[in-house]
Amino acid sequence: MSDEIQLVPNDSLITNTPEEGRQLAVKMARLIIKITQPDAAIRERLRPIYAEDPAMLIAVGQTVATEFATIAAANNYWKK
Amino acid sequence: MSDEIQLVPNDSLITNTPEEGRQLAVKMARLIIKITQPDAAIRERLRPIYAEDPAMLIAVGQTVATEFATIAAANNYWKK
Amino acid sequence: MSDEIQLVPNDSLITNTPEEGRQLAVKMARLIIKITQPDAAIRERLRPIYAEDPAMLIAVGQTVATEFATIAAANNYWKK
Amino acid sequence: MSDEIQLVPNDSLITNTPEEGRQLAVKMARLIIKITQPDAAIRERLRPIYAEDPAMLIAVGQTVATEFATIAAANNYWKK
Amino acid sequence: MSDEIQLVPNDSLITNTPEEGRQLAVKMARLIIKITQPDAAIRERLRPIYAEDPAMLIAVGQTVATEFATIAAANNYWKK
Amino acid sequence: MSDEIQLVPNDSLITNTPEEGRQLAVKMARLIIKITQPDAAIRERLRPIYAEDPAMLIAVGQTVATEFATIAAANNYWKK
């Protein structure tokens, strides 16, 4: 684990819009993979494996959905 | 990752009805797959694999259920 | 995806009883499988596969549990 | 699917104690398996498979945990 | 299923500290495995299988996380 | 299981920032693996397996996301 990796970009869950919240969810999910496998070369080698495996693509979606649930709640669902 | 893909259609979690909320959940789940595998030809090739694999179909359902939970909460469950 | 499929029966998450809410959760989970695999003949062929596979049966249960959590919250847990 | 199967015992999520709530979670999880595979003989044949497979046992635990979350919320965590 | 097994130790989700809540989450997760596989000899045989399988270890973590979410909410996150 | 392992560092879910909350989520997820497999030599042997397996990396992300949801709620999403 590389403790130097920032796990929450800008150290905030608050975003202006749902779209930005969704992008944050994607980034936060990827950053966990990054600290678990800090070697960029290995991550690059793994990318085509999961990007062409439908079960893994669905699993990525599940993880992002879980991250997004937290971010959406933090932003009170961007209600005005 | 193609940053040009809109991840939240209309940039809003608010919908008029549960049915529309459910359709949004399906779309948002698919858009995560799209940014993870931006190549349309590969996605097209993967589609019959997961659409004929019962375990993957169930996993799709799990992901949509998680997305829908967030959308439903955002809409206060469409209570009047 | 067949956009003509109704994803939320009666377009409402509100039910009279927990039992009806549970049935709705089961239906909503199945409808996601239906839009992901709109071909009834293929779905019919897949049914005995997952219905005789304990891991898939458990996964069905996980999905229904997630759908039910949302429906139960929408109904304020059917408290009087 | 056998529509005659009662999916929520006593048609209520309310229990007197956490212990009873936990038992309800276990029952509700099993009832989903029952309606998905209504044939008792097949379920009996599948039981030793998942009961001796650690991955499936863990997955059963995940499903019960999700059901219990809903039941616990419905009971306001049995706070006095 | 052995109905004599207590599924919620002390029949309460309330603990003094997050640490105790976490221990309760671990115990509750294990007790579900215990009632699903009541034979102690079989459970003992399965233990090294999942304890040396990284995918299963991660899945154990997922289940404990779900149990802990409920316990933490029940304790209002141990806020003073 | 080694009961001497502290499962919640500092016995608190409260952190100053989202970043610290995220780090806590990662630590708490790892500590569950540690008590389930207390042998450090075995854990060390398993590490490269899951760190080079994309499906397992995604599963780690799912678990951390679930832990983080609880920690974020405990901190009221670090809203000021």
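As written, the chain order gives the labels A, B, C, D, E and F, with residue 1 at the start of each chain.
Heads up, the rule we're going with is that a contact is a pair of C-beta atoms (placed from the backbone, for glycine too) under 8 Å apart; a residue touches a chain by one contact, two chains touch by 3 or more.
On a predicted model such as this, the values are computed, not experimentally measured, just so you know.
Asks: If you fit subunit E onto subunit F using only Cα atoms, how far does it have to rotate, to the nearest 5°?
Replies: 60
Asks: How many angstrom lie between the centres of subunit C and subunit D, each centre taken as the mean Cα position?
Replies: The answer is 16 Å.
Asks: Once you find the CA centre of subunit B and the CA centre of subunit D, what distance in Å lies between them?
Replies: From the centre of subunit B to the centre of subunit D is 27 Å.
Asks: Show the residues in subunit D shared as contacts by 2 or more other chains, in ascending order.
Replies: Answer for subunit D, listing residues that touch two or more other chains: 50, 55, 59-60, 62, 66, 69, 73.
Asks: Draw the chains as dots and join the ones that touch; what shape do you get: line, ring, star, complete or other?
Replies: The chain contacts form a single closed ring, each chain touching exactly two others.
Asks: Which chains make up the ring, in order, starting at subunit C and heading to subunit D first?
Replies: Starting from subunit C with subunit D next, the chains run C, D, E, F, A, B.
Asks: Per the contact definition, I'd like the list of subunit B residues that touch subunit C in the complex.
Replies: So the residues of subunit B in touch with subunit C come to 17-19, 21-23, 26, 50-52, 54-55, 57-62, 64-66, 68-69, 72-73, 77-79.
Asks: Where on subunit A does subunit F make contact in their complex?
Replies: That would be residues 1, 3, 6-8, 11-14, 28-29, 32-33, 35-37, 42, 46-47, 49-50, 53, 55-56, 59-60, 62-63, 66-67, 69-70, 73-74 of subunit A.
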